[in-house]
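Heads up, there are several structures right after this.
Presented sequentially are two complexes of chain A, the first with chain B as partner and the second with chain C.
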Partner chain A sequence: MKTADQTLEEILGLAATHFKVPREKLSADDDFFKTLNIDSLQALDLLTRLENHFKVELPDYELQGVSDFRTLAGRIQSRL
Partner chain B sequence: MKQYQGQALSWDVKAGVIELALHREPCNEIGTLVLGELEKFVEALDVLQREAHALILYSVQNPGFCAGADLRELYYGMQGLEKPAAIAGVRDFLERIHRVLNLMDAAPLTTIAAVHGVTFGGGFELALVCDMIIADKMTRFCFPELRLGLVPGFGGIPRLKRDLGNAVVRDLLLTGRSFNATKAQQIGLVSQVVGEGEALRVARATAAQLGKFDQETALAAKKFIKPIPYDELKQEIDLFCELFARPAVEAGLKKFVESTDAHPYLP
Partner chain C sequence: MLDLNAYTCLGAALRDALERWPNETCLIEADREREKTRLTYSDFKEVALPLTRALQDAYFAPEDRAAIIMTNQSKWLISAYAIFYCGGVVVPLDYKLTALEQLQLLAHSKAKVLIVEYYLWRAMMQAPEFKKHAVKTVLVTEAPPGADLAGAFRWEDFRRKGDPAFVSRNREDVACIVYSSGTGGRPKGCVLTHEVYLEQCKALTAWYPFWPGVRYLSILPTNHAIDFMVGFLGPFVCGACVVHLRTLRPEFVRDAFVRYKITYVALVPMIVKNLEKGLRAKFAELSAPKRWVLNAMIALNKLLVGGRPNVELSRKLLPQVHAAFGGELLALITGGAFIEPSTMQFFFDLGIPVVNGYGLTEAGTALTLNDLKPFRADTVGKPLPGVELRILNPDGDGIGEVAARSKTLMSYYLDDPELTAETIVDGWLLTGDLGRFESHGHLQLFGRKKNMIVTAGGKNIYPEDIETVFDGLPVKEYCVFAANYIWPAKELGSEALVMAIRLEQNQEFTEALKEDLLARNRKLPDFKRVGGYLIWDKDFPRTASMKIKRNELAAQIGGNRERAQAVVSL
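Up next is the complex of A and B:
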């Protein structure tokens, strides 16, 4: 099973690649809406990519109020 | 009309397949413009079906297949109206869209929704009238109506009940959560999940396969396995109008229209 750090690192890598942001510009406690400059539809796109990548189902109500990568990683980790 | 190029949608017939493309920005929201052109389409279907065995419905908009009803039009349209007039307007719209969707549901050819991205609310209901849904793996489905104090109004509940188990329907409806194409396939909603950007290509290949069989047999099979739940569809319109009359709905629509929240889609 992946560690929490591995999950977080994979999320940061996936977000950097897909939204074309240098990986070194992303950190765990960033607000991903601001750092990635994404709107709600793009956030849904990110959620779907993460679900496909980690092969988990993450109901979006669990993400209400979540805007940083670390908390997002925690939510995913709890379903691995 | 073999070909049509409208403001919100277009269609063409190629090799026995009607391709109906949705192209209203930003994500094919269904308001009076889309409804009017869908009405033109079902009127044309009588002639189109003579030279077609299949229909593919898809979106050319990048964010997705369809984001559902045009809530801004709905909200601003009801401003300044007395409640009974607003409800009468909504009922008229619902009766028109139900007529269109019922005709598409029962269309005497095999229908395929090739979906991607956002497939929410009325967009989900539009896909549900098709005989098969082929989904790009980035598709996301959702019935978010309950957050507005409403239920799906374009035939969603009766058609979901027809196609899926009731426990699944309750989860999707009562939580209003969105779910991806893999989940949609697991619950039996989607027949094929394909790679990103591949839904239309696969739908075309599927339509070509359908053309190899006797059309009359295919129609008989469709009629046999896909009844249209007319009574429940009528009840859904009544329920929607009853709920629409409550002040909570206008408040919910106002909140949505004016929202600057990063997660406005979340229930």
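Up next is the complex of A and C:
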């Protein structure tokens, strides 16, 4: 079982790779729409990547009202 | 289809639809690749009537209001049907709003019943304002076993035996209250009658008919006027089928086109643009000879089809492209925001017409629509049957404010006679949009007169509604505007919000202040954020009651400063 910190770290790593942003530019409380310069469709795309990585199903509604990496990590952690 | 002239209310028309096509499929609901629900019109009735009876037993009376906050799914339509059957008023609320905003609109609408999905209800329960909600009966769909529902009932268990009593309404009675926006400051609840919907449905289906066997893919939120009409009322009164997807991820949306052989779909321009990008990327991956063949076939299609779509021919010429959309798609319907003509042309050249139009919640669904006779990428079409449009005070180019008169206009804004009087004058709805008619009677739009923006995703944003997030910003005063309101652009697209800031005497715009601004901005959903700021060096003009005179301030700023020089991006 991964710890919450590990989950968060892996999300940041995946987001950096997928959207080609240096990892050191991302931090847990960043608004990912802004930092990654993505729209809501691209955020859904990120969710799909995270599903494949963590091997869990993340319904679209898990993104409702979520815009920072830490909250997203919490939502994923609760499904692991 | 049913003859809608024969009906006085939506409940009666829908009830007859369920009787007329008992064995046709009316609803399919899929979650990713899994089909969850498939209902015939007869099945729909079986599910809806026990819910209707339970609502009546819970003292839900004619004219009572019931709000629905759900993503697109079968229970949305079943619940709406039950409400209309009782003679009630449907209040469709946007599931994408924050829990606080939903609670505010619930309070404003005075809804007695709320029907809501569990995950949205859970978010509402966590809001501090939750305790104040005054909804009598709450039905929660899809709640996990053992979940705390804070006194709500499970939708699935809320059923009673026995026939409910059908309550008929008159055409002038209220059918829906639809919020066109105004969550923070001034809620704008458009009161729409049964007449509005019956007339709108008649006009739209006259140009774009549905019939049994048509499958409409419902992606735009059902609370949105377009989907409520073409993803519920339109298909139902024609015996057609609505397909709901519980995810909006592009890969599953693409699959759904093929799996369910979709006939029509309505999309916001942002998604149409996204589809265009995807197709262009696919085309670019083709080997040079294949790309040459594709381009040749597109050119041939353009030549043979001309200005009027011929879908059969296009399917033969470009089979792979059409197969990717399921092979039976007749048109992509788009609205709610500005669409680039080049995107519409791209799809038209492939033999997939994009039908665009122009409308606003205050006018039911649509005022104009392209009838594809011929296809025009540069206009929003012609007025629908029964719609009169006028251009007020046209300038030298014929451009002025669009005003509309039609049976499809709202009656008034709920509890806001002042705003109603400003918006509907002598029976004409002042749209606040700038347009002109070209020689063939098509309407062209040229931006907005009013202080608002519409995002590519079709969201209306009123600057005054988002100012509350900046309450307490340590400056003398501030005011948020649509940039085009200060600097009229007479064009669509590239809209942005800007904040005019007046600093205290001797105050400087520091990094800390900028950080504060950014932090508050982040609290807003991405589509509502302020894109830039400008520092203004005079006190804001105010009314006697100390409200900012927005129009005067905008004129002062616009008259003295150029947009490019004044605005600093955030």
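One rule holds for everything that comes next: the second predicted complex is superposed on the first by the 80 of 80 C-alpha atoms of A that agree within 3 Å, B and C clash if a C-alpha of one lies under 4 Å from a C-alpha of the other, contacts with A are read in each partner's own complex, and residues count from 1 in each chain.
As a convention for this text, a residue touches a chain if its C-beta (ideal position, glycine included) is under 8 Å from a C-beta of that chain, and two chains touch if they have at least 3 such contacts.
Being a predicted model, the structure only gives us computed values, none of them experimental.
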* Could you tell me if A:78 is touching chain B, chain C, both of them or neither one (first, second, both, neither)? => neither
* To do: Return first, second, both or neither, reflecting whether A:37 touches chain B, chain C, both chains, or no partner chain.
  => neither
* To do: With the two complexes superposed on chain A, say which partner A:49 touches: chain B (first), chain C (second), both, or neither.
  => first
* After superposition on the shared chain, which partner residues are touched by A:60: those of chain B (first), chain C (second), both, or neither? -> both
* **chain B and chain C contact sites that coincide on chain A, given as residue numbers** => 33, 39-41, 44-45, 47-48, 59-61, 64, 67
* Asked: So in the complex, which bits of chain A are touching chain C?
  -> 31, 33-34, 39-41, 44-45, 47-48, 59-61, 64-65, 67
* **chain C - residues contacting chain A, complex** => 71, 95-96, 98-99, 117, 119-120, 123, 246-251, 270-271, 274, 457, 522, 525-527
* **Residue numbers on chain A that touch chain B, as the complex places them** => 33, 39-41, 43-45, 47-49, 51-52, 57, 59-61, 63-64, 67
* To do: Show which residues of chain B lie in contact with chain A when the two form their complex.
  => 27, 63-64, 117-118, 137-140, 175-180, 182-183, 261-267
